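In order of appearance the chains are A, B, C and D, and numbering begins at 1 in each one.
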Amino acid sequence: MQYLSGIDDHRTSTGLDNRKMLMWAFLGSDVMFFGTLIGTHLIYRNRNLSGPQEEILSIPITTISTFVLLMSSLAMVLALAGIQRGNMGQFRFWTAIVCIFGSIFIGFQMFEFTEFAAHYGLTPRTNLFGSTFLVMTGFHGTHVAVGILWLWSILFASYKGKIHQGNSLQVEIAGLYWHFVDIVWIVIFGVVYLIGAYGAEGRALEDAHHAARAVGIG
Amino acid sequence: MAANIGILKRPVSTDGVWGWITTVDHKRIGILYGVSAFIFFLVGGIEALLMRVQLAQPDSTFVDAGTFNALFTMHGTTMVFMVVMPAGAAFFNFLVPLMIGARDVAFPRLNALSYWLFIFGAILMNFSFFKAAFPDVGWFGYAPLTTSEYTLSSSTDYWVLGLQIMGVGTTAAGFNFVITILNMRAPGMTLMRMPLFPWMTLIVSFLIIFAFPPLTIALTLLLFDRFFGTNFFDTAGAGADPLLWQHLFWIFGHPEVYILILPAMGIVSDVLPTFSRKPLFGYTTVVFAGAVIAFLGFGVWAHHMFTTGLGAWATAAFAGATMAIGVPTGVKVFNWLATLWGGSIQFKTPLLFALGFISMFMLGGLSGVMHAAVPVDTQQQDTYFIVAHFHYVLFGGSIFGLTAGIYYWFPKMTGRMLSERIGKWHFWLMFIGFNATFMPMHILGVLGMPRRVYTYSVDQNWAGLNLFVSVGAFIIAVSILLLIINIVRSARKGEAAGMNPWAGATLEWAIPSPPPHYNFAVIPTVRSQHPLWDEEANAVEPPPLPAHGEPHMPDPSYWPIVVAFGITMVAGGLLIWQANTWLGLFVIAVSGFIGMRGIYGWVFEPVAEESAERVHAHH
Amino acid sequence: MTTPTAHPQNLAATLRRLLYFALAAVALVAVLASCDTPLTTFEPRSDAAQRVHTIYIFVIVAASIVGFLVLAAMAYILWKYRERPGHTAQQIHGNTTLEITWTVIPILILVAIAIPTIVWIAGTTAEPDEDALHIEAVGHQWWFEFRYPGLGPDGEDLVTANELRIPVGRQVAITLEAKDVIHSFWVPQLVGKTDMVPGRTNILEKFTATEVGTFYGQCAEFCGSAHALMRFRVHVDSHADFDRWVENMNADPVPPEEGSVEAAGARVFTNFCARCHTIYGVSTEEIGPNLTLFGDRATLGAGILDSTDENLKAWVSNIRDIKPVLETTNAMPTFYVGDPLVDQLTEAQVDQVVVYLKSLKLR
Amino acid sequence: MTTEHAHVEEHNHPGPRQYVIIGAILAVITLIEFGVFYLSIDPALMTWIILILSSSKFLLVVGYFMHLKFDDVRFSGLFFAPFLIMVSIAVVLMALFFNLTR
């Protein structure tokens, strides 16, 4: 053991930034969080005693909202690329786009929720599907909302000169969070919507065929 | 009041109560954790003693059924979440930065937030006593008993919310220590030169950040069921499956038991070399075994559910996985014995407790392996045999290990020695009392005594053994009193410890006791696993402060406690909401605002710079 | 200080001594286990319990031997290498051969434990015997309901409560359900426990009782305030006794003589109790335990009291003095006898209904 | 732009151009998923197709947008270790609840 002088107190053992590492660790933990929620939803699939379930999911609408969220992720990397090159205009433009697209996504979700409640009477209290689906997507929506707030604050702070090329790491970290929220949605869209509703839609179609045949028009 | 003598002085005083409330110093936070854990240990212990009085004789009417159920629920919850975990956190906080050669943890304010969330959550849960009654659903709160259909009283709400808040605090601490240990090590302190205690802290921190989310979800679902009428655990009305709760709880719960034991294993792995005067045998294997235990720990949860009708394949698979954990654990035990082998063993109090740990933990582990044999578990599950198992691992393991840590590092923390004489009395009384209390429980289990019964009848013939057990519990209580006496005595007239009273090998012994707030005047550069042994650095005096003065340390901050308060009071608002919607909403709104304001203030507060405005804003 | 002299001459002898010691400890437990504790897991009285017991003993002996060996090794090391003048610690860092040894040996021991475990688990999936007696046990807060499909009146379920009757030497296949929260079915001398989970149907290990007698059972999963007082009995009868009981359960009860105390009691029953309790031929509600042939039951209140007149009287008068049941809609109400403000039954009425219930006996 | 240049770009930091390409690929995959949903095929097959398509989207976002492909492996460890644990747990849970194991 030695006592060498001139050791920088702010160096890190790995050379990686503490905050960025914190964000990755947090995302790892959040994987467990969403994994458990999605798992709960899948476990409870098709166990409802009554009420609507996956057949009410609208794939076309959700495809659009998924697309919007994906594009917000693209905007996010473009914003980061902007600030990393010191191009504040590019950064601000794309960050604003992220916030707007994120808000559009939330809008879709609010539309979906109200639609479910109004047309199918689906609330978290209705049945297991209502509970697991709405709580799961609700938590995701909350994550999106937090992300929007965060990016808004960053955008705002950039006008005050508190965010600049020198601390673009702040943007990078917020970006990691934003992309994570996006990939959670990729999983939810694939597993819960597409795979989940496929059987249900199929059943609905079959029912429709049967019904059509029964009334002699099929 | 700002910059004087060339460096930035703290704008807010670190003295007095406010100094402690706003502290972000890892050592002070460690002490806060430690003291709180000890107080809760007395609370949980008194709860245990009350249970033992009730069970000392058949058909006893000392307490009624409801009270007894509340006692074991709060005893279990307290001991697990308010004693062993925070006691572990106390050591993480105080020691890890010292042992890896850092000035503080990676995120000092987050660290303070963790503590305040823990203590507020614990207080909230215990507050149920004044509002409703203590929670009485068992420490693992099986649904559907915990749903509002079967538990009308709001005590379960306190349990859920209290646990949730403590969980958030713990998870935050987990992040902090992962980053601290990965990123804040002194130059030359590679991972494979790190002492075992920081190693186990690292592993435990990973367990925490990956295992707590399932609990968070489980509690959230239950909370939503109870508050908003969702159906996650509504078996009768909605077709929910009660096993969902059990799975989620134990997916958390089994890693949790390793969260409880690994810090103690780390302590023991550092105490043994010091007192056998030789390095840890098989360092790499011991580290690796710890990691394997943690990893396997995620794949065995269903061994708590062998009797729930999992199906043959699943049962067999989980039994096999559970047994597999015995192997890395055995490796650790044997490496500890080999560390003693060939040594020159000094029987100081810390070592005695470490030896108590090895022997008693091993016995508990062996009964754990018996439970893993499923047919045997069908006879043992939910009997006192299980109670014996987990007290052997939790008390014989965690508590003995942590006590070894107290005796070992007390001199470092306070600068004073504890009395060896009282220490040895403490050890032997505790060792005897412990075995008198928990050994007969195996027999009670064999004789079919179920756990969680507030009474039993004469014809069941368990009276004699139960009386014996209860007497044992009081012997433990006396031994704890000796510990208290020892600490008080030492505070008054304890012998001064000096830097390295045990001639230890690790970095924390290279600085004064108690350490200055900046820990190391100059950050050491490490070249081996035993920096103070290998290079006769014992003789090296720590260098004086460099000419430019004290190192730059983070300033105290109000925001952690403000944020913690906001979060806790949102939970409080939810509880009020149950009784009075508008008042509840009001409290939620106000405390939500306080919390948000706290986060905002936090984000824009520099870690360490003068900020006179803040002082104004808050006085 | 002297040098250690206590270390063993001969490893084999030590091992043998340790084995004896372990066996002696197990024997001690076994002796303690046999001193008339009705819930003991160490006196199996069925094939299933016997199978488990064999594994239990094997595992306990294996664990004891490992435990004693490690403790002995530790004691030896501590003695041998205690701090002495002129003795310094050897600076050893590790040894690969040793590491491998103490990884492999535990693996072997664990495999030895895993094999009977897995064989046993595989065995539990077997179909029940052709002539097995099928029973459904249902857990309620805080009592057990037992249904025998097909054996009851008109080929319906035959229902009884808290005292299960089974024939000796015939396999019983029990399925488990729960009405409210999770309970667990456990008769240590006959069969290990399996939980009763609401919304699920669990299958108890099939077992064949090998001895006539009465065995104690206990709910083993915490199920709320009166969990401790949720017990039951299993009567293992001869085939003849069992058949006679089934027949009697199905026979219409003899109506009490007009004007007798029993008749008065029957009226009280119809007025106050029939809305929850079934007595075949008298009432049909199944909220509480089925009380047919209650006069022949040994116990009262889910196996917690002897079914004496006094106990029964106390039970009916004010159940909450005896059992901490909650005031839910399906719980047995307290009739507050003797409390002038709220009483619902007079003492005389209670006496009458007690006499009536006790008169419901086998013929 | 020469191939070599592209190669270098790949292995250092992708620029806006690459991001836009990735974004386009993501959009196309989503469109394919949407199309697959309306095919009448065996549900098991459909499940696998969607799983594969979704995972590729997942990996593209993690790898490129979140830079994990170019960043320190320790970040990958922090993220994928719990991911694998969680996926295994979820698979086991589903097997248990659908009683595949009885």
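In this section, contacts are C-beta pairs under 8 Å (C-beta built on N, C-alpha and C of every residue); 3 or more make two chains touch, one makes a residue touch a chain.
This structure is a prediction, so every number in the text was calculated from the model and none was measured.
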item: Chain pair showing more contacts of the two, B-C and B-D; value: B-C
item: Intercentroid distance (Cα basis), subunit C paired with subunit A, Å; value: 50
item: Whole-Å separation of chain centres (CA-atom averages), subunit B against subunit D; value: 38
item: Chain centre separation in whole Å, for subunit B relative to subunit A (CA means); value: 34
item: Per-residue overlap in subunit D, given as positions that touch at least 2 other chains; value: 74, 81-82, 85, 89, 93, 97
item: Interface hub residues of subunit A, defined as touching at least two other chains; value: 14, 16, 21, 25, 28-29, 32, 35-36, 43
item: Interface hub residues of subunit B, defined as touching at least two other chains; value: 182, 209-210, 239-241, 243, 251, 312
item: Touch-based graph of the chains, sorted into line, ring, star, complete or other; value: other
item: List of subunit D residues in touch with subunit B within their complex; value: 74, 81-82, 85, 88-89, 92-93, 95-97, 99, 101-102
item: Parts of subunit A lying in touch with subunit B, wherever the complex brings them together; value: 1-5, 7, 9, 12-14, 16, 18, 21-22, 25-26, 28-30, 32-33, 35-37, 40, 43-44, 47-49, 124-125, 127-128, 130-132, 135
item: Subunit B residues touching subunit D - in the complex, by the definition given at the top; value: 182, 206, 209-210, 241, 243, 247, 251, 298-299, 302, 310-314
item: Subunit C - residues contacting subunit B, complex; value: 29, 32-33, 35-42, 51-52, 55-56, 59-60, 63, 66-67, 70-71, 73-74, 77-78, 81-84, 87-95, 98-99, 102-103, 106-107, 110, 113-114, 116-118, 120-122, 124-125, 141, 176, 180-182, 184, 186, 188, 191-195, 197-200, 202-203, 205, 216, 218-229, 304, 324
item: In the complex, subunit D residues that touch subunit A; value: 15-16, 19-20, 22-23, 26-27, 30-31, 33-34, 36-37, 40, 43, 46-47, 50-51, 53-54, 57-58, 61-62, 64-66, 72, 74-75, 78-79, 81-83, 85-87, 89-90, 93-94, 97
